[in-house]
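Chains: A, B, C, D, E and F, in written order; residue numbering restarts at 1 for each.
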């Protein structure tokens, strides 16, 4: 009896889309106004999904208080009110697209969650754009 | 050509998280304020998802009016404005976590829906916590 | 230059609608399934609105961190995961309708907020029912 | 490393549910008020989901500006502020249920999107009814 | 102690914007694609707001069950799954803009609600456009 | 017969809260993580509200297509995907709090809208914080 439990969190961050190997003109051409060197920002909405068996004693797949706390420590404290390009190590050399941010979040949370549980990350960059990554 | 059709419904209920085999202290320790013996409550949002072939004459996988009516009879009438622990038979001996409520809803609806159709249940306990169960 | 600033918070609570001066039959007749003696519950969404002049040095009408903290101390800690009828002093003798809960919240917050600022409370009981009280 | 990227769009359209091979009485019986010959309408919300590898140079699975533009040209311009039964070729002979609209949208977009990318369509007909089609 | 109570409802309808005193060209020029003679449609979201004193015995400004029932009888049954121009008497000679629909709804509900209570109507035509009318 | 018409728009921007007359320590103390010199950002949601008489020929208070276009030219083009502190003239010397952004937007739109129409601005900085300014 496998159930997926999902926890929603938020962080507000600045970023720009930029490939350091390209000229500024090519960056502007590919990324448009998202390449603005002065940065812009988003209210990111994050859904962390964990799938596994229900524990018969607790009725939980995973204690949501523990998952909430993990998201705060591993993601919110490191991303919230930050400039992703300038202040988050992973994005020094990786373009902080929604796709890449989702992969980075998955990589940060995966080692902290029981291996028997499947992990999936959904990230809304705006109310009209979102991505999902499940480690496949 | 398989399509999933989804119907959203709501019920408002009281519950507490509690394992009758444990001491009160252990219940308080594991379930925190959710173990409050005076109960608290939620506006539960339920998404019932049914997947199957489109019927060529109607263009329906399943008539939504029938699905809506099934949810009313089987779930809303039995859960809405109720105390889940005290008034719903299944939770007399089962902790009403979101995970377990989703499994109970799946078990109640599964016999009422054509076996050729796959069934999945999503249940929001709050706007930040939700679970999904597909009978696997 | 008066601006209204609004802060949204949530609490999950059990309640029942009940007038102790009435018979059970009359309570059931007037309040319907909301009178269920075993209680039901809601995810309440609270909007606290404060109107006043923008402070020229900060650009704030009121520091949102302080308002957030006030709501946590005065409202969330006292209402969240509680049974309003049984555990909140004001509702021992007052029917916890959305209207009365909004008035109680206003009365609790009013003395804690600068008199020069106007205060208004909006409370969603469900996604389809909400109330507003401004102290008039 | 496969990520799903999702883009949300909207169109407002009139339709009625109707099988031309049936009598009016049978249409009314099966489709209820949805068979009204004067039409009714909806604000359709469309989620187009595209799954594939992240391109290492851009960090994109697919450029969202291109996907947005495709949805505008192929779907919004043809469906928005239209009568689906009267003005959209596919529904001259196909009942415009949410299921069939999702399949038609999938069929329109599939040839325009790189074959290496998987495509899935989610369509909300109302805030309580939605369908998903993935070409299976 | 005056509180505003608000009840949300929905109806799905077809309409077109059209002034019968104008040429088709002028209608097309002013109303754009909203003038499409084949109609388009919307999921209208309606908020009915009633302001007055809290009744000391019930804790209600107005019984929400009565307000819900009034909205069903007076508005939903007459507008839902209808073509506003063709099937709703008031719009035979009145352009069914969101503004005019809100005024018509206010006029229909005002005589049914206690004169001591103030009435206000909010109507969402889409998730990006809405109007409010308070009888002023 | 006065109706308020409301149009919703969005812009994504970077900002920091900062008073140039203060020390960095005082900025950090008052504005907390919002003072981060590397900036953070938000998806701002803007509601522009215009109140006036319904024009009898059109049924409009104001043509929404014109209002939408005004918001695009005056606000979105100047704020979207920008760094408010660095790239928007008004915030060179004014702290871009939600309150001040709302006032700046009101001041930009007021001269472009008929004086007979009242104007009000609502700005969501996050899903939990929003402000309203009506020119009073």
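To be clear about the criterion, a contact is a pair of C-beta atoms (placed from the backbone, for glycine too) under 8 Å apart; a residue touches a chain by one contact, two chains touch by 3 or more.
Just so it is clear, the structure is predicted and the values come from calculations on it, not from any experiment.
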*Looking at the contacts, which chains touch chain A and chain B alike?*
D
*Which chains, if any, touch chain C and chain E both?*
F
*asked:* Measuring between Cα centroids, what's the chain most distant from chain E?
replied: A
*asked:* Assuming a repeat means more than half of the contact pairs shared by residue number, which candidate in A-F, C-E or D-E repeats A-B?
replied: C-E
*asked:* Rounded to a whole Å, what is the gap between the Cα centroids of chain C and chain D?
replied: 41
_Distance between the centres, which are taken as Cα means, of chain E and chain B, whole angstrom_ = 34
*asked:* From the mean C-alpha coordinate of chain A to that of chain D, what's the distance rounded to whole Å?
replied: 28
_Touching at least two other chains at once: which residues of chain A meet that condition?_
127
*According to the definition of touch, which chains form touching pairs?*
A-B, A-D, A-F, B-C, B-D, C-E, C-F, D-E, E-F
*Note which residues of chain A are touching chain F in the complex, please.*
10, 12-15, 33-34, 36, 38-43, 80-83, 86-87, 126-127
_Quick check on the complex: what are the chain A residues that touch chain D?_
17, 19, 21, 30, 32, 94-100, 102-103, 127-133, 136
*Tell me, which parts of chain D touch chain A in their complex?*
1-9, 54, 57-61, 63-65
